[in-house]
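First the structure, then my questions, so here it is.
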Amino acid sequence: MAVVDRTTQRADPSHVRALATFSVATIHEAQDRAGLMQARLRPLVRGRRIAGTALTCEVTPGDNSSIHVAGDVARAGDFMVVAPTSPCDDGYFGELLATHMVARGVVGLVIDAGVRDVSELTAMGFAVWSSAISARGTVKETPGNVQVPLVCAGVPVTPGDVVVADDDGVVVVAREDTLDVIAECRVREAREHAQRKLLAAGESTLDLFGLRQKFLDAGLRDIAD
Amino acid sequence: MAVVDRTTQRADPSHVRALATFSVATIHEAQDRAGLMQARLRPLVRGRRIAGTALTCEVTPGDNSSIHVAGDVARAGDFMVVAPTSPCDDGYFGELLATHMVARGVVGLVIDAGVRDVSELTAMGFAVWSSAISARGTVKETPGNVQVPLVCAGVPVTPGDVVVADDDGVVVVAREDTLDVIAECRVREAREHAQRKLLAAGESTLDLFGLRQKFLDAGLRDIAD
Amino acid sequence: MAVVDRTTQRADPSHVRALATFSVATIHEAQDRAGLMQARLRPLVRGRRIAGTALTCEVTPGDNSSIHVAGDVARAGDFMVVAPTSPCDDGYFGELLATHMVARGVVGLVIDAGVRDVSELTAMGFAVWSSAISARGTVKETPGNVQVPLVCAGVPVTPGDVVVADDDGVVVVAREDTLDVIAECRVREAREHAQRKLLAAGESTLDLFGLRQKFLDAGLRDIAD
Amino acid sequence: MAVVDRTTQRADPSHVRALATFSVATIHEAQDRAGLMQARLRPLVRGRRIAGTALTCEVTPGDNSSIHVAGDVARAGDFMVVAPTSPCDDGYFGELLATHMVARGVVGLVIDAGVRDVSELTAMGFAVWSSAISARGTVKETPGNVQVPLVCAGVPVTPGDVVVADDDGVVVVAREDTLDVIAECRVREAREHAQRKLLAAGESTLDLFGLRQKFLDAGLRDIAD
Amino acid sequence: MAVVDRTTQRADPSHVRALATFSVATIHEAQDRAGLMQARLRPLVRGRRIAGTALTCEVTPGDNSSIHVAGDVARAGDFMVVAPTSPCDDGYFGELLATHMVARGVVGLVIDAGVRDVSELTAMGFAVWSSAISARGTVKETPGNVQVPLVCAGVPVTPGDVVVADDDGVVVVAREDTLDVIAECRVREAREHAQRKLLAAGESTLDLFGLRQKFLDAGLRDIAD
Amino acid sequence: MAVVDRTTQRADPSHVRALATFSVATIHEAQDRAGLMQARLRPLVRGRRIAGTALTCEVTPGDNSSIHVAGDVARAGDFMVVAPTSPCDDGYFGELLATHMVARGVVGLVIDAGVRDVSELTAMGFAVWSSAISARGTVKETPGNVQVPLVCAGVPVTPGDVVVADDDGVVVVAREDTLDVIAECRVREAREHAQRKLLAAGESTLDLFGLRQKFLDAGLRDIAD
């Protein structure tokens, strides 16, 4: 009943590279705060930003069959996205699978479940965002869907979408929106660059963002010193 | 309906500096185990101890208006304390606000909610204790109270109180209690210094703390070897 | 009504050393996925693997009496295992107790509750796996059982069993099973060593693990490109 | 930036009525275990099964603006589905809104957040599945999207889809799949009806489902008495 | 080091009775959304509203000593409020204590921890709002403060304040604010009474609350049918 | 690798009946507060007390194979105890399995996971204590151990032990301890009967339990009125 679809259109690699230059916070703002996965996804190791094309993979609790199927269809530049059908902390992914994924050019893993072999994954430099760490092994009995649209940590992901992850979390950009989002990110970065200078020089955000009168109008009472 | 009070009396800076020499665990013991915030507040980065005067700020879910108001009344040495009226993991605070706060002399942030721009905050060295990390942005519509007493992570905080935070958590010392707490901390540290030596030399805590007979009296049965 | 038993038989030290050469994930697989503690136990600091003989200790909420009793019966090579009778995040264990344990030769602490003095424990290099960090102190009124069988984070532990902990979590090996588990770990490591090479060379896990036909038989539909 | 779309095509009312005759468990099985919302959604009152067409509504934390917008586009037979952009337990919906919804023919509410006026909602007989109960009020500042596709409790919902809820939870059936799902539900119910009789007569599920040999083949060892 | 204060001034009984006629939601709105305890406090049994004067009681984890002390200072009309110094689910309170409290005229219990003897408490009709149910017993070793100000489920409570609880949760009204809150509750109830009629007759909340133009101004785009 | 053991010795039925006359709270106290499962196990329906002999059953996440195996070895008077190897909320058990269990004389189900068909189970009167409710179905691929010792919700259970469950939770009495526990329960009930009368007549628990002087000695300061 499960499907693996090998016909996925990936986002343009140059768009992926462009999106990798922006933070997750900036990208999620640039698309009207859409596409941000829930905060339980945390990086194994801080300090990296990774972008790639979504290689989607649905797993049942305690069964990592479809991760193996996904490895078989992976292409260089893919960012694996694994979502369980119900919450499960088991360690679906470890060093052997990471070795396989690196050989196939996969750039990282986002998984709303657990991973194991944390020391080895860290030593390999394989980038992981997960909701748990657990040595608990999984079975290989019931494959789920691979490279079909799914929901991961609250966000719909279509295979081939761009996934960007950093210390703040994980965001998804639809393949057809990449250019618009890149443009809007550039606008935001330029604006924030100017604002940062003014704030560093001591300006109040109330003045910079025009909030002083707005908040008084909203009923804020100022007790002067 | 919200208020910002600019008349806050801050604790004496020399008391703040003195309290900064003690650990959170010692301070909370010195005030009879009062004033310790709940354990969900964790430092963004381990290895620092920060002390400052409470700059209090109440936010509604998903709205960081009053953090902007608080920045406007901040003074050098303030430690910002942000409490939401109901639990929310959104990223209320990021790099731009931190730039502003640094310019105003704010020493750090305690927030029972989320922060974002973790990489940038880390690079800036801005000290944060939070209950979540999330790229999710907030709106600026409804200011809450600033510099009025509030409850943060289970602890009542009055503006101007001393806040101390380290790897173990966050503790609050009421402005009027600082000298008493400092004195008691000194007593405890001296006592623990002596105890540490004896324990390192192999003494049992049962003997050092006079527990051996007490526990036998309490019914402990010792099965000898 | 509580008991401290000083007659515990510890596992053979050479078996402990042998088990310390395998990862927690490998050991738990080698004993049919038994003995793995729940994922909420996390190391204070990543990057270490510790093995020792279980020194078991049951505590009531907010009372660390039996940790003091356990220190009194500790022997070199023991790995302290602390389980509360109901969930509690308080800081049962800190620097003074760690100083005591180090003097007695205890190799580390597994506690399904909180610890404090995190900076000091880290500086000392004392290895801890805990479910919480909290400065909250505990009382010393009601000792629980020491060196009797208990359940910690879902796993039954008998005093003298081998406990191994690393970045993936904590596993327990029964004293009578150590040789069998060591043998099975060796078999698994040899097999995985061979598999790792093939995967690094680009082989699919579907072929390596014989899953391709199995999944098609299970109904997986392959949409070719 | 938010949108309210008044052009939604609702599922055929006769299909909704047909689906209302099946349990949530049966419907989710009939569509290959897809479409089931996460288990945190619970009915305010047990013992009812409700079906209707999805009236979707995205809210920001602590702001129920778009529920008011949704009420304005509601039609008889709609089942309101409210999803927050980040987790929030506030009471977004109470007696006044329920009065409004009843007047518009809305059959019930599914909300991955909090509701209030529980006594009044119960007295009115208004059917609610929520993830929280809280008296905490919300503001009306920032409308989110209404009648656009969203994700609620892990499940993608398109406006006009069929939503069915009972004591076991909430399931969504895509508008284009209703007839297929109804047919499959009928097959399953007939089969289970026959199975129930055999089980009530004492047959083993191992025999009824053909599991006895399968499990022995999978390595189950039977220790006979 | 703990204190029991027998000099508490209770709120006027007629004010308590007046507040008991309003819902928790209405009261919390009437005091600008302040005073509402966190949503984890749930009634043992639905369908009751109880009001009384706060009899405050701080407990350490797993120790109900101060509930016994509080019983000794209880007066008719008191509503017991129990807060643990750190989270604990143990069953601090059961049938024997309830028998005692009823004899002393205590009207109910709010406890941010566990209770036991649920069947017996229900049969007695003793009203309880708790965050857990657990048969786990507690010790009687270390009394905490009784009748001093504390924080319960996020809300500061001063002994003698009015506590009101219903199916939506628990709210606290400061003794000095009771008349103002009662007046504001009456205004709100009258206004809601009028609104309810209009909504039942089919009016849109967008019109009734003047939101239609406000939301268009805020950028809501209306896709007409 | 899994085992089903058909040779289990059940506890004496007359002991089971005797234990069914005591509450879970009383039984757990009578065995020194041991044997009580964690508080997340809640009854589907309040108001019943059930006792039976443990029919133990270990399941992997999302796989209910061993419940089917357990049904095959069930005997009249058994109380099924199901523990997952890692946390999972799926609905492992529903109406068809309950029909089967009733036919075999099983008196109820304790499961540290989810159940479904809640309406049907309620209508049948089948007694369930579970940690979740979910319509999510499970697979039947990998049987776990049946009728071997396991840990359920923190408590070790040996097949044939007595399990008692009521509104306060679930407790386990080892088969060899039943007579001792029954005797101790009788002593406690008699004592509490006498205490209840005195408390109803207005006596303070401080006097009844001899706590008044003890607490003053422990440092309680009494501020008289």
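For clarity, chains are labelled A, B, C, D, E and F in written order, and residue numbers in each chain start from 1.
Keep in mind that, in the parts below, a residue touches a chain if its C-beta (ideal position, glycine included) is under 8 Å from a C-beta of that chain, and two chains touch if they have at least 3 such contacts.
In this text the structure is predicted, and so the values were computed from the model without any measurement.
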Inset, instruction - Walk from subunit A over to subunit D along touching chains and report the minimum step count. - result: 1
Inset, instruction - Could you tell me which chains make contact with subunit C and subunit E both? - result: B, F
Legend entry - Copies subunit F and subunit C - interface residue numbers shared by over half, same or different: same
Inset, instruction - State, to the nearest whole Å, the distance from the C-alpha centre of subunit D to the C-alpha centre of subunit F. - result: 31
Legend entry - Distance from subunit E to subunit A - Cα centre to Cα centre, in angstrom: 41
Legend entry - subunit E: positions in contact with at least two other chains: 1, 33, 39, 85-87, 89, 134, 136, 141-142
Inset, instruction - Report the topology of the inter-chain touch graph, choosing from line, ring, star, complete and other. - result: other
Legend entry - Chain-to-chain touches, reported pairwise for every pair that qualifies: A-B, A-C, A-D, A-F, B-C, B-D, B-E, C-E, C-F, D-E, D-F, E-F
Inset, instruction - Quick one: which bits of subunit E touch subunit F in the complex? Just the residue numbers, please. - result: 1-7, 65, 68-69, 71-72, 89, 91, 94-97, 99-100, 102-104, 114, 116-120, 122, 132-137, 140-143
Inset, instruction - Give every residue of subunit D touching subunit F within the complex, in rising order. - result: 23-25, 28-29, 33, 36, 39, 42, 46-47, 49, 166-169, 171, 192, 195-196, 199-206, 209, 211-212, 214-215, 218-225
Inset, instruction - Could you pull out which subunit B residues touch subunit E in their complex? - result: 1, 32-33, 38-39, 85-87, 151, 154-156
Legend entry - Touching residues on subunit E, where the partner in the complex is subunit C: 60-63, 85-90, 134, 136, 139, 141-142
